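What follows is chain A paired twice: with chain B in the first complex and chain C in the second.
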Partner chain A sequence: MKCDKFIEALSTRVKVLEVTRQCEDQVTALVELNDLPEAVRFLYYDMGGYLTTMVPNDERSINKHYALYYALSMEGGKMFEGDEIAQDEKCFVTIKTLISPDSLVFPSVTPLVPACVWYEREAYDMFGLVAEGLPDKRRLVLSDDWPDNLFPLRKDAMDYRYRPDMKDHYMEPEYEFLRPEGSGIIDVPLGPLHITADEPGHFRLFCDGDTIIDADYRLFYQHRGMEKLAENRMNYDQMGYLAERVCGICGYAHAIACIEAAEKAINLEIPARAQAIRVICSEIERLHSHLLNIGLACEVTGNYNAFMHIFRIREYSMKLAELVTGGRKTYGNVVMGGLRRDITGVEIKESLRILHIIETQVDEVWDAVMDDKRQMSRWKGVGILDKQVARDFSPVGPNIRGSGIKRDTRYDHPYDFFKQIQFDVAVVEGGDVFAREMVRYMELKSSVSIIRQCFELMPQTAIIVDPTFHVKPENYALAYVEAPRGENVHWIMQGSAQKVFRWRCRAATYNNWPSLRFQFRGNNLADAALIVCSLDPCYSCTERVTVVDIKSKKSKILTHSDLKNFARTQKESPLKDLR
Partner chain B sequence: MDFFYLLIQLVSAIVVAPLFDGISRKLRAKFQSRVGPSIFQTYLDLLKLLKRGRTKSHSTSYIYQISPYLLFVSAAAMFCALPIVYGAHSAFLSQFSDILVLLYLGALFRFIFIVAGIDTANPYAGVSASREGTLGFYTEEVAVICLVVVMMGAGSTNLSFITTLIQEGHYGYAIPSFSVAATAFLWVMYVETGRKPYDLAEAEQELQEGVLGEYCGKDLAIIDVAILLKQFTMLGFFLVIFIPWRFDNPMLSLITFLAEVGFLYVMGVFIDNFGPRFTINNGIKRTMLFALSIASTSLALYIMGI
Partner chain C sequence: MMKLLDISKKYGEITHKYPFEPYKVCENFRGKPAYIFDLCIGCAACGIACPSNAITVQLNDNQSKLIWEFDCGRCIFCGRCDEVCPTGAIKLSEEFELAVKFDKSALIQRGELDVQYCTTCKKPFSAKRLVKYSFDCLSKANVSEKRLEEAKEYLCMCPTCKKTATVATFTSGKEMVIE
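Then we have the complex of A and B:
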């Protein structure tokens, strides 16, 4: 069976205590704590793996230990032609290890595999698990004034009623940025709130003159605690909607990934028509997300003309989404076992007409942008992501495909309807902003063709299976969807009473951030915003409503009807007595 | 009476400039497949800003407070130095109407602009202030070389004298060095108006949020008017030397002048609407080299005596 080859190779290196299989292409190997770094490194570099996600978990109620799961996507190093595992052998291998609650220490994998750095920092923030040997032990996810010894994702740590005290603005501790040594270096802060970024994120650029020598960043200003929210509180039908709200752009991909993780864990096969519609919707999402990003890459350099025309085309993709799902952006369509809404023949016909418009107009605008020498000179050679850096940090999506590495979840681990669909993976060499935008353009074209194929091949079946299913506690599985920005990975361990025990949501941008620092280096200060933009970052994705006015220290909880009334009438703002 | 006309010259420019800005915004919107704001939008923007109060951060000094007025005054002085409603016959006014006066007032404007930016202690304003200064290095020498050709050719630095000379046909486009200089000068004056692709001052999307990042309310409105006035002066500077259409009737020449400037201003949309802006050490350096070589050609032509 799949994966056995890797487990055999692994057991020659380290002692594998136990092997469990989650589903056809997912296997977990339990190793001893001290063997962890070597096991991950061996699979990552020697066997050709990429780090998909890492999940720390509080399993004291199950086996009296904390657990770490390093999930690796075995697909080959892809550094050169032929450096790739055969298509039918690609799979996910998870390295699991247990940590005793008395020591709370595990050996860090980061010195051997740099891609783990953010995951291991987060493991401390959320669970208090200390990675011994981790070069960078600062907080990642929680705010700097978060109380010590309070680790929110531990099952016993947080009383939901407990809220840490608010601190005054000036009392907040300073975040320590990693500052390069040397004289004459100027700090330029980009953020926490900056005009080019619609979401908060603090990038500290260290410049010598106009050149960025190094950069460091502090994100997670908007951590929403969704993982905690889902645990034990929501059932699977509700979780799909919660996951959809992880991101404003690739929400549908999150919803699919989340629900499929649950479906995989109980081996539930959904009808082919539902699979096809899921693919259609996620490709529509790719259309509007890529159009958004190409437009923004023009706008950030000051090319408003191209930006406006690209946004005009984007409007058609929203129209398309409305036809297929009934919603322009948030579709609320995915449930366990299938979908809530089917497409009629009339809608398909109209969709094909709109697809044709999108296809021709994208070509027109793209040709005009390509002909603009000034625009090309702003894009080419800027923000280069070196191929080796990409290999070390496992970025995803157009970010890595722009560096000439053929990594696409739709191709490596085909899910749903993708098994029946022909498409080319867009790979461009170069690693600069231009290469990434080129990848996006090529994907726009392939998305249009994928949607057409789906409409053609879609069988006339039901769109939902009988939703009587029983989850098995302690089952877990990984689900992956190629969102516009890269793969979104959701890992779900099921609990009792149809609830989730642990939900780990890893958005695409989470894997793209750590290597951003290398993309900044050596570039011009004026290109900093462009480089961030070309990543197509999503702050809120990475950071998973009581309204509080800091000034007057008053807070108010808005009721559903308050908000609905305000949304309808636009009068009598419910916040007015706060001001 | 001359002073009265001078006042009219200034006031009418202030009143009309936002209209042309509104027209260019509307035109730009059409290119971008948008409906766009009404052509009176710039008036409304200014009115709204004027109604708002000012804020001041702790790190600023009195420079921050007075610089809007200084900017306005220097822009107004620049505009008044253009001989539009008065000519060589008004000895008192035309003695101020000098190429060097305009150049120095322009430098003063830029100086205040930079100082005001640095004074806010906003890192973006500081960075873009330094860029504003760098931009000045690139443009000024081109402008000065062109003007040297004109000054030597006409034998005077007095603007109203040069204007008369050219209008009466004693000096002008028949002379190659003059016409070559006109090209480079128009280029530089466009750069001086601070529009894309050379608009670093308000390059809000890039890292440097612009010199004006910290200004708001009334201050911003005054600065906006000052910048509009400066843009008009810069285009007017070109028109006064290279395309002088002055009539005996001061009002007629004022109206023709405003129409000319407005036309140039709106036509600028054809340049600033398309393509991205330059970064300081790639695009600007390279394109200003072209302007410099054109200006040097005209100087060489002048030295050769043609």
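Then we have the complex of A and C:
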């Protein structure tokens, strides 16, 4: 069977207490608490794994312990040609460990595998589990004035509607940013509020002149407690709609990942036609997301003309979504066991016409953008993600494929209809903004071809299975979907009464943030917005900026337009009167 | 740079004149759910199916009317209500212009249905139209005249009284012939 090879290898290193299999390509190995870091490191670096997600769980009602699940995608290191596991051996191995509620301490994996840093910080926020040896123990998800000793995802902690009182502004604890040592460093805070983007995030850039030497950021201003909400009052029919609202762009990928996790936990196979339509809709989502990002990457650098043209083409992809699902953004057609809405022959015909328009016009505009030397000089060599950094932090999506690592969930772990579809994984060497945008362009082309293949191969079957299925409490599974920004991973443990016991939703960008710091280093302040944009994190920075010069203690508030102008023209640095 | 200008020239003006002329949406567009009061029977299927609690069906304060209420501000346009409605009283329309001016209560749509009072305990328990709908369904179902009369009686009783009445008939010692 798949995965056995890895479990065998693992048991030569550490003591494996128990092995359970969730589905064909997912196994869980229970290890002792002290063996945890070594077990994860061994699978990550020695066996060629990437960290998919980590799920802390309150299992006191099941086995009187807290549990941690480190899910690793076994696919090979991919650092050089041939450094890859054979296609039929790729799988997910989860390392599970139990933590006693008396100690609440576990050994941190982060010193050995840096990719775990955010997950372990979150484990403290949500469950109060302390990672011993974690270099960065600040809060991650909850706000700084959240009451100590209140850990929301513990089953007995609080009602899901409870909102603790906010502290007054002056009482609020200060968030400590990681700052580099030295004099003459200028702090540039970006955000958290801005009018243009849908996601707030606070970036603290440390600059020497106009050069960024380091960066730190505080995110999760929009943490809404969806996981707690779903555990308390949602059934599976409602969860799909909630998951679809996790993200404003790749919502559909979340919806299918969430529902597929629930389906996998009970080994429910959905009809082939439903699989194909799920793939079609998620590829349409990729079309509009990538067009949005390429457009914004032009807009941030001041190339308005190209931006407008790309958005003109993007409108066709929105129309396509409207045509086949009835909604421009929220497709709302996923339910457990299949789909709610079929695609008719007339719609297929019209879709093919729109796809042709998108394909030809994207080529035209991309060609013009590539010809533009000024545009290229802004993209090339900026925001480089080093290959080794990428290996250490497990980023996903175009971010890692732009660094020459061939990681794509559709290719590594083909789900749904992807087993029958042929496509090339877009990989570009270089790691700069240009490489990432190039990956996106190549994926636009492959998405069009995938949708066409789906229309062609889609069998005439039902789109939903008989809904008499029974969920089994304590079953759990991972589901993974390659969203436009990378893989969205959902982990669901089922509970009783058609509810979930634990839902862990990991969005693509969650894995991309920790390595962003390295992408900032050494770049010009004017490129900061572009680098964040090329990550495609819901374009989230340049609204309102305070600049403080540590040396002269002078400060200045930059407006959205000040910084944007500087980003576009690279002239008249807004910081010059501070020096 | 010049290439982009050429493309601009090629495609010309592509923006719609909206809002000065109507914007046409695709067939089967999922817009604002349109409610047809005359068809509504107050069965509350939509209220149970609605994932975001945008539709509620409950008795008003003095228990004289059954209030069907739809809050467009909570609606996620999934169309579950459309799917479950037995009479087609709620259908997703093509309407997408939903903004209201200052007054959020304009987002709320409501229908007041007459309630059926229980013949025994005189408490309200359902909508008159639902009782009529159930009776109509039974009349079409090839049920004998006598059974139909009996059903009419039962339909106008609240669930608790119905239970009591059934138990009373079963234990009264009378013999019954099921036709």
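Structural remarks
Note that the second predicted complex is superposed on the first by the 527 of 579 C-alpha atoms of A that agree within 3 Å, B and C clash if a C-alpha of one lies under 4 Å from a C-alpha of the other, contacts with A are read in each partner's own complex, and residues count from 1 in each chain.
The criterion applied here is as follows: contacts are C-beta pairs under 8 Å (C-beta built on N, C-alpha and C of every residue); 3 or more make two chains touch, one makes a residue touch a chain.
On a predicted model such as this, the values are computed, not experimentally measured, just so you know.
When both complexes are superposed on chain A, chain B and chain C sit side by side without a clash.
Of the two partner chains, chain B is the only one touched by A:190; chain C is not. Within the superposed three-chain model, A:524 lies in touch with chain B and out of touch with chain C [touch as defined at top]. Applying the stated contact rule after C-alpha superposition, one finds that A:210 touches chain B and leaves chain C untouched.
Of the two partner chains placed by superposition, A:469 touches none, neither chain B nor chain C.
Applying the stated contact rule after C-alpha superposition, one finds that A:45 touches neither chain B nor chain C. By the touch criterion stated above, A:299 is placed in contact with chain B alone, chain C being left untouched. With both structures placed on the common chain, the touch criterion links A:327 to chain C but leaves chain B unconnected. By the document's definition of touching, both partners, chain B and chain C, reach A:309. Touch criterion met: A:378 reaches chain B, while chain C stays clear of it. Smallest inter-chain Cα distance, chain B versus chain C, after superposition on the shared chain: 5 Å. In the superposition on chain A, the residues of chain A touched by chain B in one structure and by chain C in the other are 305, 309, 312, 372, 374.
Taken together, the chain A residues at the contact with chain C in this complex read 234, 237-238, 241-242, 245, 305-306, 309, 312, 319, 322-323, 326-327, 330, 332, 340, 364-365, 367-369, 371-372, 374.
For chain C in complex with chain A, the residues that touch the partner chain are 1, 3-8, 11, 14, 25-26, 28-30, 51-52, 76-80, 83, 92.
Residue ranges of chain B in contact with chain A, taken from their complex: 31-34, 123, 127, 196-197, 199, 203-209, 273-283.
Within the complex formed with chain B, the chain A residues making contact are 188-190, 194-196, 210, 298-305, 307-309, 312, 372, 374-375, 377-378, 524-530.
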